[in-house]
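One structure, as structure tokens, below. Some questions next.
Every chain is named by a letter (A, B, C, D, E and F) in the order it is written, and numbering of its residues begins at 1.
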Amino acid sequence: MYGEIALFSGNANPGLSQEISQLLGVPLAPADVFKFANQNIFCRLHQSVRSKDVFIIQPIAVSYNDKGEMSTINDNLMELLIMIDTVKRDSAGRITAVVPYYGYGRTDKKDQPRVPITARLVADLISTAGAERFLTMDLHAGQIQGFFNIPVDELSAFRILSEYFHQKNIKDGVVVAGDIGATKRSRNFAQALDLPLAIIEKRRSQRKDGSQAEALNVIGDVKHKNCIIFDDEIDTAGTMVQAVHFLKGCEAGDIYACTTHTVFSTPAIKRLTESPIKDVIGTNTIALPPFKKFDRLTILSVGPLLAEVIRRIHLGISVGELFNE
Amino acid sequence: MYGEIALFSGNANPGLSQEISQLLGVPLAPADVFKFANQNIFCRLHQSVRSKDVFIIQPIAVSYNDKGEMSTINDNLMELLIMIDTVKRDSAGRITAVVPYYGYGRTDKKDQPRVPITARLVADLISTAGAERFLTMDLHAGQIQGFFNIPVDELSAFRILSEYFHQKNIKDGVVVAGDIGATKRSRNFAQALDLPLAIIEKRRSQRKDGSQAEALNVIGDVKHKNCIIFDDEIDTAGTMVQAVHFLKGCEAGDIYACTTHTVFSTPAIKRLTESPIKDVIGTNTIALPPFKKFDRLTILSVGPLLAEVIRRIHLGISVGELFNE
Amino acid sequence: MYGEIALFSGNANPGLSQEISQLLGVPLAPADVFKFANQNIFCRLHQSVRSKDVFIIQPIAVSYNDKGEMSTINDNLMELLIMIDTVKRDSAGRITAVVPYYGYGRTDKKDQPRVPITARLVADLISTAGAERFLTMDLHAGQIQGFFNIPVDELSAFRILSEYFHQKNIKDGVVVAGDIGATKRSRNFAQALDLPLAIIEKRRSQRKDGSQAEALNVIGDVKHKNCIIFDDEIDTAGTMVQAVHFLKGCEAGDIYACTTHTVFSTPAIKRLTESPIKDVIGTNTIALPPFKKFDRLTILSVGPLLAEVIRRIHLGISVGELFNE
Amino acid sequence: MYGEIALFSGNANPGLSQEISQLLGVPLAPADVFKFANQNIFCRLHQSVRSKDVFIIQPIAVSYNDKGEMSTINDNLMELLIMIDTVKRDSAGRITAVVPYYGYGRTDKKDQPRVPITARLVADLISTAGAERFLTMDLHAGQIQGFFNIPVDELSAFRILSEYFHQKNIKDGVVVAGDIGATKRSRNFAQALDLPLAIIEKRRSQRKDGSQAEALNVIGDVKHKNCIIFDDEIDTAGTMVQAVHFLKGCEAGDIYACTTHTVFSTPAIKRLTESPIKDVIGTNTIALPPFKKFDRLTILSVGPLLAEVIRRIHLGISVGELFNE
Amino acid sequence: MYGEIALFSGNANPGLSQEISQLLGVPLAPADVFKFANQNIFCRLHQSVRSKDVFIIQPIAVSYNDKGEMSTINDNLMELLIMIDTVKRDSAGRITAVVPYYGYGRTDKKDQPRVPITARLVADLISTAGAERFLTMDLHAGQIQGFFNIPVDELSAFRILSEYFHQKNIKDGVVVAGDIGATKRSRNFAQALDLPLAIIEKRRSQRKDGSQAEALNVIGDVKHKNCIIFDDEIDTAGTMVQAVHFLKGCEAGDIYACTTHTVFSTPAIKRLTESPIKDVIGTNTIALPPFKKFDRLTILSVGPLLAEVIRRIHLGISVGELFNE
Amino acid sequence: MYGEIALFSGNANPGLSQEISQLLGVPLAPADVFKFANQNIFCRLHQSVRSKDVFIIQPIAVSYNDKGEMSTINDNLMELLIMIDTVKRDSAGRITAVVPYYGYGRTDKKDQPRVPITARLVADLISTAGAERFLTMDLHAGQIQGFFNIPVDELSAFRILSEYFHQKNIKDGVVVAGDIGATKRSRNFAQALDLPLAIIEKRRSQRKDGSQAEALNVIGDVKHKNCIIFDDEIDTAGTMVQAVHFLKGCEAGDIYACTTHTVFSTPAIKRLTESPIKDVIGTNTIALPPFKKFDRLTILSVGPLLAEVIRRIHLGISVGELFNE
């Protein structure tokens, strides 16, 4: 229906792009994507993508280049938009933005007055730039799909992660929602592993002197159980590590953290490595620089999943069926 | 900034419209809004709304006229859209759709392949027809605000409902989330009433003979406690009544159901009246026909809240501050 | 250019969909399209339509299911929109809405102040939902094509109907426009059958006492002639039956009613069956429930025409040339 | 609501603009609107219209300047669009296009395959340029209002014209539709004057030698009657003059032609002046150059009507009520 | 990817269309594109372009038909838009507007207050009508590409023109920018021919009596040199001929004028033929009527370039690479 | 017409915002605009801007906070977009983006194949976010105004800068365009100061060994003259300092650099301070951190100009006339 696949990689996760490229046997489109001295991002394709079925791979996340220089999430978003504009103006046949991690996903509603809904804004920016399809993984809320008016394929690392724990075969396990917001997601994980569910609830209350007290309590049974704390992303790891300590205080057994997106904002690494957590399991939707890796961290690859889905999208084969096998 | 307020009421909840009209001291715009014999909805304003600040009041819900004839949710949605088109083509100054209940709100994500996101579709239809602002109450998910690109004011009956229970002053109470999806909402209600939280979880499992078993269990403590089951809407009351029976089996005390939107689809009335529920508390965002009312049902009015917010929107006064008093 | 044809049928006219399916040798896409208890329409495709050339068949008309339960015109419109959203979000290659009867077509202009132009609104809703092409039959006014900005193919049952009368070979015939609005259409039918034209005109006048008098008169010659009253649709049959009685009073011979769209709103069936009309000729653009059928009614099928045009659209063959054979 | 009125006149009908200006007591905005040597139209306002309520007056019709040089309909359409762009970029508060004659109105449907619907295209161009409201007179078809998505006020010269004939008080009159397409419009005129209606029908038939014959016949009674042939516009006057001769052959009495828009394309003037027509009544929606005026032509002014409506739009007063007085 | 190429030619440059047609071996689509008596442009395709890859060839320039009748730039723009609407409504597979000369290109910015940016307006009109791609030559400013949101291929006659002078091998040459605005373009031409650059600057100053004086001066060396005055278009030739006389006064040698677009508005021909210019070199992006041709004028064809690019666009082959050979 | 002015300042140039605030006597809207740990920008208004006339002040440039931490140009662009979304969703009456420096302005055309037109993309992003008007200063190319479809007011520091040199009263001056691209702008500056113009041209040529040679030459007279090198922005100062050295080699006198936008990307400061330039004159459209300031740098404020224009926009007074005084 379209010309052949063209893979175009931004700078935010080149390793994942290369893995996808190798799995598909399609080389990455030769191009320069760089910042001028004035920080303006520029992009120049060395070969035309005219009429091709273009997939642009770029998580909306902080990244680091080989020299350890940081690109902010906004840099990488803007890089994505500029790459879309470039292939649109080069007459691409079809443009799919492949965004393994959708930054700004947590600003998805107005839970207080006079704040933005940036997750909708970003969806509009991507459409405005010219993307015709959107491929992503484990959105913070399923409703974000509805922020787009172009077709969205949302994949999940759920199976990759649950399969890992199946094989690990943890005894006396319980899946723990680290806070109320993670309840539904954790319940599904618990069900997949056939484990019970527990929930940690944080309550804020007013002390008599006017200051605020914060108390954790757990709903469900964790004593002497090996806990898997599950969530879509680990950001600063504050909630996570607080949960770990609280669980330890409840005489829980081993504690695992399991997540799709290893955002790991400062001071996540410090917190995690200093905590009594046994293992952290994540995926490579976001590229981790060397200084964000540590011994107890296991990274599973979403590359094979993304490569297969790109192949199916290109051929017009059902993606949903991939999950029904 | 605009001309004076014009209130334009659809047929889905005339009682609420009249209450708002009286509270604001602004008569409802004289108009015919009716179905032709061929079921085509038609609408004719008797006076011009040129340059006025028009508020169209219409929940997207099933309704019944005086003769007991039903209008489907789609009839009432289409009636809303046609009313918007009418005032747009009559050169209204500004058009605000006031939709106390946002139907289709539960179809807000693709939790399985090849299904629609109707909650986004409806948002687009409302904008396409010409609404410039949207005013609603207790959306099924906060993210639905982001489905709109026009400004949305989402009000909540939370205070009206929590105030009711404050005054009722229930001893040994617990707020119960009737299913996992209601956890966060119930937690907030529990916190407002300074009550503990319990969660009912439904697990589906495969029996050996291949059939599916479904088991409820409760996370948290309910024994001998008076339970308030809280959710944004009661539809067929299936989950609700199942929870009631389960809680009774757990030796719970009195059980109250509390909700903003009394959708009450068949067989909700039968289920609720036959259940050992003590009281059902709802609001009038949806108009209930006589046959959907019953003794143990208490309806609180959202009219004063909506009237005050319409007044503030018209005058350009902060709505958010209303909640900070 | 696109993948193969996928036929997706709504509930408004399943018989016509099946006929088209058989003629094309393309099975209907397996799917559930139904109402929840709360009247929310939902839709779930059992197989992906990714990249396919999707045709969604759904007249915008009242319909009845096997149990005799009515779906309103708004239900069926909304069902169409939701089906479009579903296939759009499932990455359909191209989406054509096939709407044999375009409801709301008579609300196509503001012939009085402060009314909607619903026929334009509906066109916008269909585009907003995501349809890329529109296929319909005998619009109430040709200008409605211009309400769409997507390509429209408007087919006509004109030949099917005129061919029927050619074969019937009525002697001393005259084509009668039942009211002024049907004049042009009737003239074309008269010309095709090589028959003269007569027009019935209704005049309203003020009586001396202030009440309104209404008088019919015929322009042209009908005495002892066999009349064919022709129009695009028969709704409540009020105008039609009034014309029949008037013509009988003018000593006309046999009277036939001929139309594309058998809307037959109450009390059309009563009026038609009680009238001295000889025969009513219509087509199956709208599905008739058993209680709307009667002896003197002949229904011709538009299925072969629609099937052939869908085939041509899919193959990129001229549709206009179909009419030049 | 907006700043004061600004009237901005194109070159297509300066006389009408000046009349409106005087009636409103609002001077025309000083500006240069002219063609460069390369025929590019350019426009330069001498004073800012920032925040003002701008009305741009320009029929979409052929016009002639003082030197007799013609501007084509496309020149005048483009002039309108450029004027809209100019005031939009000068931050006008609100922009209303006042187009007394809507050219291209007759290309409003696809009555044959592979033709444009230019009347819709022009509506889109006007919106694209930035007009927010549209004010026009006697559209060729009421449905053209639906081609716009911005509010349209369509005025009619119907009363101005019918009032003229009321005062003329013609005896033994009949209103004649010059062709089938003018039937409805003529019927309304007949009803307003309390006169009977007659219709001239043209039939094309195949001669035995393959050539086409064309025959006129009249439906209704015209013998010894004074005829008023009514239509929305007179273009080349071909149909009109053919009808005049045919009516004379039917022993009709005096024949009047009555129309809103005096398009008068060549050879209309020759045809009309050489025909036995008694009088032609039109309005000044289109500016006539000296060589298109003739003795038996009476031009009534729509200026007072347009001025009053502009005043009402500006003040936010009902326009529809103007017609109910 | 699309059906075969369909070439659709407007009336503005039929000679160029035919040349392209012959080079591609693709006949021009049979069609009528003409003006009615009322100057309304109409268009009717004789064969369907359904699903085809349609290229519509039409410069936005003044043109003359065989009888010497002028079509204004606005006529030809509107003709283009109507042709686009026609093929869109005939379900063309893809629509590319091929506009060798982009009229209104010089109104590309607001260099004074309260003027339009017509070059952006025209871009919007073309998109609104339905063009999906745009192919043009030597825009007045490269930024005009950014006025479009659809992909633009801008070709240049630069090589055709520079190649001509390479072969002519002019001794002691200098490229002269006729005014400041042509500096950059002239520099590039100078560099391509390896010639020095000179610039003519016009200064306006206030005389003591309040009148304005205008003085030319040349920056760079022209004495005894053979000058090539280069610009994108020659309009009235005023600046050009002024430069020629000025250069002659500076004792320059032979003077050549070289341009892509021979707009030649009156009195260009008179000015050029009466001037001491040696030769004028242009291309056929604009069709010249016989009375605009003269002895010292050489016209080079852009047909082969356009044909090759159309072929590449159709096949999805890089166009940029064409310039890298 | 709207509520009162609300000034909302981003973090990119707080000093300028405060100056404007003081000049207008309107406090900056209290708000938090900050980055979360994950670099997500968030924004929260402390007071509602409902119905107000909101001006958001934010150059699209690199900036530094008090701690010297850099925000990239993309951070500041995204901050602007998020602020717009926030006030849009808080129902602002009108939203004007005030962007004293328009980053990405130099990527305004495709001067090579397969590159983006980011200046258009950014314009679209700003409109998509919800800005209704745009206010900026000295765009890199005037055509960028045409990239917007919302009204743009482009101010110039031209007078502020030329006034400075008028007062300085430099003898034997010449304005020098540092490269060909600055010619027109420099000519206007020269004319304003009544000084001659000179142009530095850079030529690239191929050496015999295949390497590239680059040669500067000056067109016009600079010997013993005091030079003002004028341009819209100084980025890395590479071209500027190259010109300075070249001019010194041509025996020029004092050399001044004059610009609106002091981008000063690394290594601009090093280059400028080490060069024999006498003085650098710029404005505060971009906030300079302490380490980018140096002795020979003079910064003039655009605050009074921006404040006056904001006042005029709010009141609906002509801005163009400001320049005609």
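The working rule: contacts are C-beta pairs under 8 Å (C-beta built on N, C-alpha and C of every residue); 3 or more make two chains touch, one makes a residue touch a chain.
The structure displayed is predicted, hence computed values, not measured ones.
Looking at subunit D and subunit E, the chains that touch each of them are C, F. Greatest centre-to-centre distance from subunit D is found for A, with centres as Cα means. Between the CA-based centres of subunit C and subunit E the separation comes to 50 Å, rounded to the whole angstrom.
Annotation: 61 Å between the Cα-based centres of subunit C and subunit F.
A straight line joining the Cα centres of subunit C and subunit D is 33 Å long.
Taken residue by residue, subunit D touches two or more other chains at 1, 47-48, 89-90, 110, 112-114, 117, 120, 124, 145, 152, 318-321, whereas all remaining positions touch fewer.
Taken together, the touching pairs give a contact graph of some other shape, not a line, ring, star or complete one. Here the chains touching each other pair up as A-B, A-C, A-E, A-F, B-C, B-D, B-F, C-D, C-E, D-E, D-F, E-F. Contact residues of subunit E toward subunit A in the complex are 1, 133, 145, 151-153, 312-313, 316-321. Subunit C meets subunit D in the complex at residues 108-114, 117, 119-120, 124, 141-147, 149, 152, 154, 180-181, 183-184, 187, 191, 194, 197-199, 201, 203-205, 219-220, 318-321, 323. Residues 36-49, 62, 72-75, 77-78, 81-83, 85-86, 89-90, 103-104, 106-107, 110, 112-118, 120-121, 124-125, 128-129, 235-236, 263, 265-266 of subunit B touch subunit C in their complex.
Contact residues on subunit D toward subunit F in their complex (touch as defined above): 1-3, 47-48, 50-52, 88-91, 93.
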